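After this come two complexes, each holding subunit A, first together with subunit B and then together with subunit C.
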Partner chain A sequence: MSCRLPIQPFEWLDRHQRVRFTLEGRGFEGYPGDCVSSALWASGQRLLGRSFKYHRPRGLLSLANHDINALYENADDTHIRGDVTPISAGLQLSATNTPGGLWHDRMRWLGRLSPMLRVGFYYKAFHSPRRLFPFWEGVIRRAAGLGKVNTAWRRQVTPKWYTHCEVLVIGAGPAGMQAALHAAEGGARVILVDENPHIGGSLDYAWVHDSEAASIRVQLKQAIKAHPGIQVMTGTVAGGWYADQWIPLCTPDGIAKTRAGTMIVASGLLEQPAVFHNNDLPGVMLASGAQRLVARYAVQPCRRALLLVANDEGYRAALDMVAAGVELVAVADLGDPDARSALADELRSEGVPVFARHMIHEAEGSDGVTGAVIAPRIADGQLDLSASRRFACDGILMSVGWAPAAHLLYQAGGKLGYDERIGQIVPRELPDGVYAAGRVNGVFALADQLQDARRAAADALAVLAGHTPKGDPLRWRSRDCHSADWPIAEHPKGKNFVDMDEDLQLRDLLDAAAEGFDNIELIKRFSTVGMGPSQGKHANMNAIRVLARTLGQTIDQTGSTTARPFYHPQRLDHLAGRRFRVHQRSALHEQHVAAGAMFMEAGHWQRPDYYGSPAEREDQIRAEVRAVRNGLGIIDVSTLGKIEVLGPDAARLLDAVYTMRMTNVKQGMTRYALSVDETGVIVDDGIVGRLGADRFYVTTTTSHAAASYRQLGRYTAEWGLNVRILNRTGQLAAMNLAGPHSRRLLATLTDLDLSEDAFPYLGIREAEVAGIPARLMRVGFVGELGYEIHVPYTCAAELWQRLMADGDDYGIRPFGVEAQRRLRLEKGHIIVGQDSDGLTTPYEAGMPWSVHLKKPFFVGRQTLEVLQPRTARQLVGFALPTNYTGPELCECLLVIADGNIRGRVTSVSYSPTLGHLIGLAMIDKPLAGIDQPLPIRTTDGRIVEARQVATPFYDPEGLRQRADLQLAEAV
Partner chain B sequence: MKLIPLPDLGPRPRSEFDYGGELRRPPMGADTALWAAYVFNRQGAPGLLREWWYHRPTGAWYLFERDTLADRFIRHIPVQDIQYELPSADPAV
Partner chain C sequence: MPMLTLTEHPLPLWLVLGADSPACIRDSGLPLPEVMRTAALANGFLARTGREEFLFATVQPPEPIGAHCWRYRRDDHVLALRGSGWRRVMAQVCHMDLTSFAASDWLFVSAAGISVWLFGLEDGLLIGCDPSLGNYLQHTLSEIVADLAHTTSQH
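And now, the complex of A and B:
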């Protein structure tokens, strides 16, 4: 039984071809341009899907991307909306959430249980006994949900892109098209978006036979096509509103992040269903849905229809149905047809019986509409069933009211309220640069919509030009009622659905109100109204009306919900970002690659972890450590933060930022630089070196380089200091030449006097090394005689190669981050962020010597003064015997004493120099003490007893860093 | 995405900035209770707030007065207006 109509003037179909597809094995056919639902309906298929909770048969409703009961899945997708998804050749669909299939859903009987499954049922029924909940949870999870995720999904990468415009117009109906045109003619760059594949909006389905509309349509469409200032984006949803007119435009190809100067929302209205018994049967649909079906897809909605109307739009739809060959058995007008425009008379003259002040009592049928019973409305929304009439029909069309598609207006911070006269929520106050035009603004007459659109566009242009907008958004608003205040009928058998996403009946909302939920936001969370896939686009308005009437409140008192982005659901691959991690490479990266480095991530840097093959990792690391201790090693430390602090107040700044005194650092010397925040917690450490009276060179940890520079700048501004700060982190490279032979190698490459007196430990010098201008610092991080050499980025490779070549005689060996960690652990030096955490003070870290409380001020001083006597934790060293063979120890293992957590391991590794495991642990102070036990719980639950030892583990006197030892060795 | 109006460069997207928190001045020499309140408590109520914003691409700090209820930048505050003197440190050596 084909319901396909002859060619309609604005239909979307390509009648030259046919497209075949299947639904659960049954073959169907349509034209290119058909959506799944229209093709099925054209073939006489009325059962399109089943409802979420009761598995009731459902058909067409809106054909506007809100028909969430006609939901399909295939191999790739779980949420294919039949009312908007185009058919394509070979498409293989099955209805979602239908155990046993669409036609034989095994869960059909659930509807009979509905008297038991009252609102809040789940919250109350499965609450106790608690031990049974896991069982019920399994039952509920199996029954609920929409669609099965294909876990063998293919990775899909969808790019995002950026665009911008001066005026973004959302909705390409009459108002949107006119607004776009007016704005473009005023010189603005305009983007006009519409979710449909063609522009035109209601002009092309609700005003098809209107003579006035005909000329408007041609004129607007041609002008928009011809205007170079308008970019039209069809198939595109303005998904949401973000700060400063930042709008994701969701296209079929992905999301265009759009910055708009101004935004005109001409998104129109969402037609709302009436609530009566069996209002969800296939064949009951919105009048606008029926109009879309006819005008876009040339499909007859039904043979014999009963219309329920409450506005002129309903009568216009009635005439459209007559033109489409539908026999109208009756029109029930919720109000007074004589108060309507001439359209009602026109319909009467066609011989259609029109009943004033009538409401549908119930629809009849089991798998589709077979009849309707209407009855006169008497006071308080009750129906006089003694005067009811029954009509045989296979369709019921509803045109009883509207809700604004005002989602973006709400998100933008607009204030909306209920207009009693037109019976609709309308904008009351909109933020600057945001305008509403057309029906979403309560403007209905076609000519008025165009005027309203010009008004909005003129206001947008004024704002863009820096003027105050002067338009009156109320000027063209309708003075007639377009929405019934109570399109709702109670019924003893219920099944009068308010929310068809969630199968909520009128009684569910009345019960929720009776339970004390007196605001729509609350009732939403309790009853789940508006929480289904359409997000209440067909449910919220009626729910608000039910709640308002039940509680004797106004609509405004009851409130309206703010729908969050996105307006329509978006595919996850459109939303997902791409993993985009930029690595910074040191100037020596190629040298490391050539030397066989295995790289690791260190912040945004790639650093050599060690050199050699992964199979030999541990051996290589130990060899690197031994090279530094016994011969010569070199490590790339270019990742350290390197900051120049210059100016008369440089010393004051550093003195106030670091815990140690910096004003008295002598020229040519460095000092350990530890910084804490205002809570006294360690945030960074490094070196401050003084090159002149007002010239300092500061290094920071790799991960804190940018933050240290940022913080120094902030304090300079805040304290009004005369200081210049240069971040040279990326501009300078640095390497640490460390080991007993370091001085001998360096001496061959520089004229600098390297003797202990001339260049002592902790000294800083500027000199040429191998002809390259360099800064040299005697540092002690790894605990051997060593020189940190800082050179320009472009010279680093040359110097590295020279050191490696000339160092060959001394057995020079590059070492990586892991060897450096072990070397510093042997010296008991902390790594900020590893041995310290977000609560660690210098006192806990065992570094009271680094805090100069006598200074009048440094950041965190006053806090540390308070915390010093209250220090409750302590970082201690521990060791395991040389012959330890127990379970592996690693960082973050807990220290357990008397069954309580008393601390954690912060560093632990094998010391190649000492030949056994050593580590650091942050523990409760009472447990700390040399030679005391340290019980560590390993990952398998066993307790390993380590012994606390003094730090540094290696060379506690620091003799290795001094020159005379080296000289003695050389002799 | 929020645009932040820089006095010299014009509006720049929020993603270029680090938030530096509310402008606060440490109560130098306060007793421990007052100092602890300064260190640990924040006034969370929406309203007019003076805040630090760090513009990463240019490495510069800015102070703005922002209406945190309406999320609206009201004005740029020259840093000279809020500067305070450090407690006198030792004279530079």
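And now, the complex of A and C:
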């Protein structure tokens, strides 16, 4: 039985084509422009979905993106909303959360248990015994849920993009269109957005037959189309409001992150349902939903309808239904029809019986509406059932009140409150640059909406021009009531739903309030009202009314729940966007790839972990360590922070930032640079090299490079120093040539005198290496004679290749991060952040030599002075025997003594040089002592007794790092 | 629509900074632009990136003059994004409103999560970043350019 109407003046359909689709195997047909729900309804299909909890039959409600019971899924997607999703050829849908299918849902018997499934049932019923909760949790999870996620998803990149405007207008109804036009005519760049596929809003479904609206419609639409300053974005939802007027505009193609100078919210209203027995049956719908169905999709909502009204909008909808050929069996007015506008008289003149001060007691039917019973309202919202009347009908339309679509206003920091006169929550105070216009501002008459829109646009223009807005937002607000204060009827059988997302009945909310949930936020969480997919768009207002009446307080005193982004759910791929994942590559990346490096991530950096195949990882690492100890190795250390510190106060700055004295570092020399924070905790280490009287070169750890740069800049500014700081971390490549043969190889490539006297340990020089300008530092992190060579980024590959080629005679081998970690561990050098934690002081790390308390000031000095005598932990070295075959040791294992946690392992590795496991542990000081046992608990609970040993484990005298000794050795 | 292209655009870059740097530029007979503005040089440009900091795109930068003037070579990864759709590319990575960004304009901004500088061309812009981030930026922009080209061809 087709319910399709003749062509409507503003319908969205393309009647030249037909589209076929299926719902659970049944074929349906519609026109391009139809949504799933309208096409089904046009085909006579009244059962559109099932409710979440009781699996009750559900139909149309709003056609405004909160009919979440008409929810579908297909092979790719879930949460397909029938009331807004366009049909497309070949679409194959099934209803969500319907075991056995929409028509044969096996769970539909659950409704009969509703008297037992009262609010809070889940919390109470499965609380005890606790051991059974996992079982019940599984049952609940299988029964609940809205749709199944296809876990075989494919990567889908949906970019986000930025856009800008001076005036953003939300909603392209009459007020929105007028505001956009007025702002654009004032010279502003305007974006006008509407969630519907066409502009027009209520003008095109609620004012279809109004002669005044006809001319306004034509004039506004034509002017907007012609105006170059207005960008229209349809099918677009303003998802939320974020600080500094950032608004995500959720388009069909992705999210446009929009920065708006000002924002005019003309988002209109959300019609609210009445609450009566069986108010969820298919055929019960909002009057505005019925108007949308007729005007947009040319579908008759029903044959015979009863209307429940509480405002002029209801009478206007009634006349629209008459025009659509619907037989109105009666109109029940919650108030006084004589107080309405001439529309009520017009309806009466059509012969429609109008009942004053009547409410629906119940809807009749099982799978759809077959009748309605109305009764006079008496005191306190009660009904006089002795005077009830029954009407046979297949549709019940409700126009009893409104809630503002005000989420953006709330999020922007607006203050809203209940206006008793119009029965609606309206803006009271809005932040600068944010305006409300039209019905969301409580302005109902069409002409008044246009005036209000001009006022809002003028205010926005004034703010953009730097002036104070002078408009009066109350000037055009309605003086009539448009929402009933109690559109709710109790019923002994219940099934009078307040929240159709969550199947919450009036009784549930009354019970929750009686249990002491006397705050709207608490009752929301206990009952889940407003927590379904529509987020309370049709439920919150009635829930507030119920709680307010139960507690005997006003709507304002009761308050409303927080309106969080996003206004409608968004696809995850839209939220994810393009997924920028920053990576940094050193200038030598291609060299490492060619050498077979296996990379690891170090922050954003990609660094060689080791060279070779994963199957040979351990062997390769040991070979890399041996190459450095016995021959020649080279490692890319480009990731180290590299900062130039320049100017007359450079030495003073570094003296104050680092724990060691820096003012007396000689030109051409470096010094270990340890920094602590104000609490004395180690934050970074590196090297300070002096290149001139007022010229220093600072290196930092890889992870702290940016932070060190910021820190130096901050202190320079705070202390008013004459210093320039330049971060060259990425601009320079660096490689550490290390091993007994390093000097010999380097000598062939530079004119620099590399003798111990001319270029001593910890020296820094500027020279050419292989014709490339370079900075060289003699450092000893890995414990061999070594030269850190820093060169411009674009020269690094050439130098690396030259060193590798010329170093072939010395058995040169690139080594990765893991080999470096073992080499430094053999020397007992700490890695900040691994061997130290968020509480470690230099004293605990065994580095009192690095703290120069004789300096009058450095960051953290005062604290360290206090902490020095109170040092309670100590970093110690430990070793295991060569023949150790026990459980694997790893970092973070606990040191347990006398059953108590006394420390943790910070580093542990097999030493290829020493032939056994070595490590560092941070332990309670009383436990520390050379040759003392160190009981380490492994992951399987066993205790391994390690032995504490002195560090460095290797070459404690540091002889290996002396160039002259190596020279003598060679001789 | 002219083809949207993204190409590497190596430039000889130098940073000159320090209290004496403005005087150094003046004494070298070069134009001294305002902060965040550029001046044209023969086959290059000079951007004032701070009160006492300048970026030169030229093969012959001035020698530092004075005790407080330093010069450093820069190896920025520079890309040229050209074609009428360049703003659509940038809109995906950069929050700045580039509607009125024109030839010879200069900006320091964040794009795709990293710091970059922009220099306006007649038909697009140059975008430069730290060389270690060059691979990332080029890969990211190339993907966007390809996506937009694909979208355009579909339309």
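Operating definition for what follows: the second predicted complex is superposed on the first by the 877 of 971 C-alpha atoms of A that agree within 3 Å, B and C clash if a C-alpha of one lies under 4 Å from a C-alpha of the other, contacts with A are read in each partner's own complex, and residues count from 1 in each chain.
The rule is simple: contacts are C-beta pairs under 8 Å (C-beta built on N, C-alpha and C of every residue); 3 or more make two chains touch, one makes a residue touch a chain.
Nothing here was measured: the structure is a model prediction, and the numbers come from that model.
By the touch criterion stated above, A:242 is placed in contact with subunit B alone, subunit C being left untouched.
Of the two partner chains, subunit B is the only one that A:652 touches; subunit C does not reach it.
Judged by the touch definition given at the top, the superposed model places A:678 against subunit B, while subunit C stays out of reach.
Contacts of A:724 after superposition on the shared chain: subunit C is touched, whereas subunit B is not.
After overlaying the two complexes on the shared chain, residue contacts for A:542 are found with neither subunit B nor subunit C.
Of the two partner chains, neither subunit B nor subunit C is touched by A:478. By the document's definition of touching, neither partner reaches A:85: not subunit B, not subunit C. Of the residues of subunit A, those at positions 257, 648, 694 touch subunit B in one of the two structures and subunit C in the other.
Looking at the complex, you find that subunit A touches subunit B at residues 242-244, 246, 257, 413, 648, 651-652, 655-656, 661, 663-666, 678-679, 693-694, 706, 709-710, 713-714, 717-721, 727, 855-857, 862-863, 866.
Put simply, subunit C touches subunit A in their complex at residues 15, 17-19, 52, 67-68, 70, 72-76, 88, 91-97, 99, 112-114, 130-136, 140, 143-144, 147. By the touch rule above, subunit B contacts subunit A in their complex via residues 1-3, 11, 14, 18, 20, 26, 28, 30, 32, 35-36, 38-40, 52, 54, 56, 59-61, 70-71, 79-80, 82-93.
Of all residues in subunit A, those touching subunit C in their complex are 157, 159-164, 257, 259, 578, 580, 582-587, 589, 605, 638, 644, 646-648, 694-695, 722, 724, 726, 728-731, 792-794.
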